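First the structure, which I've put down as structure tokens, then a few questions once you've had a look.
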Amino acid sequence: MATVRYPLPDLNTLPEDIRAKILEVQEKSGFVPNVFLAFARRPAEWRAFFAYHDALMLREGSSLSKGEREMIITTTSAANHCLYCVVAHGAILRIYEKRPLVADQVAVNYRKADITPRQRAMLDFAMQVCLESHTVEDADFEALHAHGFDDEDIWDIAGITAFFGLSNRMANVTSMMPNPEFYLLGRVPKAK
Amino acid sequence: MATVRYPLPDLNTLPEDIRAKILEVQEKSGFVPNVFLAFARRPAEWRAFFAYHDALMLREGSSLSKGEREMIITTTSAANHCLYCVVAHGAILRIYEKRPLVADQVAVNYRKADITPRQRAMLDFAMQVCLESHTVEDADFEALHAHGFDDEDIWDIAGITAFFGLSNRMANVTSMMPNPEFYLLGRVPKAK
Amino acid sequence: MATVRYPLPDLNTLPEDIRAKILEVQEKSGFVPNVFLAFARRPAEWRAFFAYHDALMLREGSSLSKGEREMIITTTSAANHCLYCVVAHGAILRIYEKRPLVADQVAVNYRKADITPRQRAMLDFAMQVCLESHTVEDADFEALHAHGFDDEDIWDIAGITAFFGLSNRMANVTSMMPNPEFYLLGRVPKAK
Amino acid sequence: MATVRYPLPDLNTLPEDIRAKILEVQEKSGFVPNVFLAFARRPAEWRAFFAYHDALMLREGSSLSKGEREMIITTTSAANHCLYCVVAHGAILRIYEKRPLVADQVAVNYRKADITPRQRAMLDFAMQVCLESHTVEDADFEALHAHGFDDEDIWDIAGITAFFGLSNRMANVTSMMPNPEFYLLGRVPKAK
Amino acid sequence: MATVRYPLPDLNTLPEDIRAKILEVQEKSGFVPNVFLAFARRPAEWRAFFAYHDALMLREGSSLSKGEREMIITTTSAANHCLYCVVAHGAILRIYEKRPLVADQVAVNYRKADITPRQRAMLDFAMQVCLESHTVEDADFEALHAHGFDDEDIWDIAGITAFFGLSNRMANVTSMMPNPEFYLLGRVPKAK
Amino acid sequence: MATVRYPLPDLNTLPEDIRAKILEVQEKSGFVPNVFLAFARRPAEWRAFFAYHDALMLREGSSLSKGEREMIITTTSAANHCLYCVVAHGAILRIYEKRPLVADQVAVNYRKADITPRQRAMLDFAMQVCLESHTVEDADFEALHAHGFDDEDIWDIAGITAFFGLSNRMANVTSMMPNPEFYLLGRVPKAK
């Protein structure tokens, strides 16, 4: 097993804005996802990372649902073999979509996943951006337009893929492990 | 979503030996894994497939534990992007190893999985057999010997990888989907 | 040169059914193809292997000719760099097709081989199953239907490719060498 | 020629902080590098992008020189076939290093470039992060330690590679073209 | 930096025909491109190399302009990571085309270069010949015919790509470095 | 089957030097290998091609035997999927080596061929030059020196690989088919 390569900082030594955000996440999720601590040892990068994350993932007016954004992340992170992102964002995908099987499906082979043709086109493009972005051409935009995506949606798909490509590489290099809680999230229907 | 490409046969129309085995599996597992029905439309292939499966997976005297055999299957099936085998054998891996996280780990990136150096060497070789078996040389055997594997163990690793490479290809071509039950198996500790 | 990695068993020590089948092959062919002895050290695997082989290769009602089945094997075994299968099945291909040049053609570049458009489509699909089965989609089935293949034929193509993918990997790992007899078989017209 | 896919915004319509920064860059460089305008149509992403950029590229205490950081960008951007980044950062590399040939060398084949063994090790690792970050292991860290890089330097190499991997993908998707000025910068010794 | 692997011969020790040609090139260019000296240590190969070069590059009646021939060389040499040819032929490309930006564009990503659709088709084919010539089929010829290339033009594209593939490999193996003069040639408009 | 893409010229219309050489080859071999006619439609290229061929293949003082040179061609031509060269040079290899099996062995998987460790090192390097010449480094030279190859031998290995890489590409593009005679040559011991 890969050892954790960079020690996690003590929460109490972190700048106040970062500490506050981490406590807020802990309050909401019940635990602190490791990415929040792992990146906090470099506060300037931490702030830029989460600002970028929120700009893409919380953008209003996008025609991509929250579940679809997580679908992009889970699919491309699997292509990048990023354990942290596949497990953590797979969990969030299951929760948003309220479908316990979809994350494993897109992670192993999105072509066989139980998704719509529009989502399939979205993931085809995300994988192209992930693996060979230099081949993107006007025809690829047209294929997405045919499924109702406009150019802002395409920017979103590309941006989310590109941003998590960064995240995947940092998680791989630092050997960031997913919190055990993520593995089970969204797999069992909540008791009512 | 890919449609099921070959209709599943009616259990009652199957030859008696196949029907009996399927009912036995159902009795034991609580459901019939799709592979048993999907292949049953060709009885001769069904019989050979499961005979081969059992010869490799139930061989006595192997130094590979049952969990390790499932680890090989889960890892190489992920490399072959076989949804059925990753989900089904990932479940069996979790159960045998009594470790709910290990299947996702080896499926996404076995290099980061929480496994022993011996298991790591086993999976390195399995992946070589899976992806570029023509490069196997004596030095690869020596590397495995150094971890305590003998030549019969190496045959087992190669055989399991090769056999499930066959299974992965058939599952991919027939668009075999994992039973929903598999996704959750072994993730939640059994109530006592 | 790679050494033979697993000793061949003595014919007289083998279980009677295996010994009988091997003697029968020897009688018919004039020699014992190495695969029969190489796998016989594990009788249960031997029986499953040849049962599977016969189920696929001797299936009646298939629209694939015997020569076409060998064409699939020779082509995909070359992609897997399996010396044993390219040489042995290339020989059988030459014999069945009564065409001494076709085996070398499909082994080096099936796109340039002197085959029919239907056979070309068959080999395109076999190579897809061999190299990237996870990309098989409904459109691939339709392309084969257009050449007159039905779904059972497609199962045959996939099954033969998948089965010999197993065989290729075992031959590569065990360093199985083709019998010298195979190299020349079918190259010279038989004296009458 | 690819058309510019997203219209550049009018400088006067941009938020004041972005406008001010762009004018400052223009003042300093004599022109506005296209990336500043291309990303400005989404102010939140713009701010996060340049904050991340500065956190990595201006970090004090790093043992990587400014030239070495640009060397990483030029090399990995070439692997990602990103015209904008190869041309723009190649120019900055030439200027920092005061060596007019080095940018073309690392872009075409960094193994043949006129750089130090330490820089070669740095680029080997950057390329690994760029192309197959999931294979990074402890031994890769040790190889860099042997050249005097500490773990913070390694984080810098990985971070710069990962961040510009994001930038490369966005530039490729949006078809961002380098300003003509970049092509010649640093190639001709400045008149004194 | 790679050392020069084979010593350059003394000009005065070379056979008269080779010496004369080299002096002529020096007279015309102002310097001796390294390839002329690097290959001269084997006069028979030198003569064949430049005879082949001239047969392809000076062929009359071709519909490929001189600039287009250099465009093919620069693009495919970048795919082969040949520093010498990208820098030297990039320079000649800039000069013939009188366009200082085009060489860097095709070297990094010809899909984004400012070229005509006909040139794009030409480079698509050149890259196919460079990277996977065994997949060339009649349909590829038809695609080129549609852009006005006839079969002789196609032979030229293939021949130039194939010949410089030879040149790229020899330059890579011998670690041939471009003359510093090439880097700047054609980038700055000539003073009148 | 691929059609022949460029018509073969009439022998009687060819320039006298080319016609004479072709008749000489026919006299010696009993047939005219297709490459002689296929390239003759462009006499200047024909002359350069065969001059280069002879410079490399007939060079005296090389420590590479004639058989070893053909071994390089057969192995790398298989990697380039060139039917003409694998079949034609495989035949010559069998004849020079007086070993009827070696050509098929190196074409399918040279790692399993019955060759010496020195020849194995030679083919490892030839394959590196064929497939990724930009990675050649000083250590690769040292590995060859350890097997007794000097720098001139290494130039020969690289040159033969590079030259037949050119030949492979032209044969693939023109769809040059091997003469039927080649397939059998050297497979059957000559009657005495």
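Note that the chains are named A, B, C, D, E and F in the order they appear, and that numbering of residues resets to 1 at the start of each chain.
Just so we're on the same page, contacts are C-beta pairs under 8 Å (C-beta built on N, C-alpha and C of every residue); 3 or more make two chains touch, one makes a residue touch a chain.
Only a predicted model underlies this, so the values are computations on that prediction, with no experimental measurement involved.
Common neighbours of subunit A and subunit E, by the contact definition above: C, D. Using mean Cα coordinates as chain centres, the one most removed from subunit A is F.
Annotation: A-D is the more contact-rich of the chain pairs A-D and A-B, by number of C-beta pairs in contact.
Note on chain placement: the centre of subunit B and the centre of subunit C lie 24 Å apart, centres being C-alpha means. Rounded to a whole number, the gap between the C-alpha centres of subunit B and subunit D is 44 angstrom. Subunit A and subunit F have centres, each the mean of its CA atoms, that are 52 Å apart.
For subunit D, residues that reach two or more other chains under the stated contact definition are 2, 81-82, 109, 111-112, 134, 137, 172, 175. All chain pairs in contact, by the document's touch criterion: A-B, A-C, A-D, A-E, B-C, B-D, B-F, C-E, C-F, D-E, D-F, E-F. Residues of subunit C touching subunit F in their complex: 1-2, 78, 81-83, 86-87, 100-101, 104-105, 107-109, 111-115, 172, 175, 177, 180, 183-184, 187-188. Across the interface of their complex, subunit E is touched by residues 109, 111-112 of subunit C. Looking at the complex, you find that subunit A touches subunit D at residues 2-3, 5-6, 42, 44-45, 47-49, 51-52, 54-56, 59, 80-82, 129-130, 133-134, 136-138, 141, 151, 154-155, 158-159, 161-163, 165-170, 172-174.
Those residues of subunit D whose C-beta lies close enough to touch subunit B in the complex are 134-135, 137.
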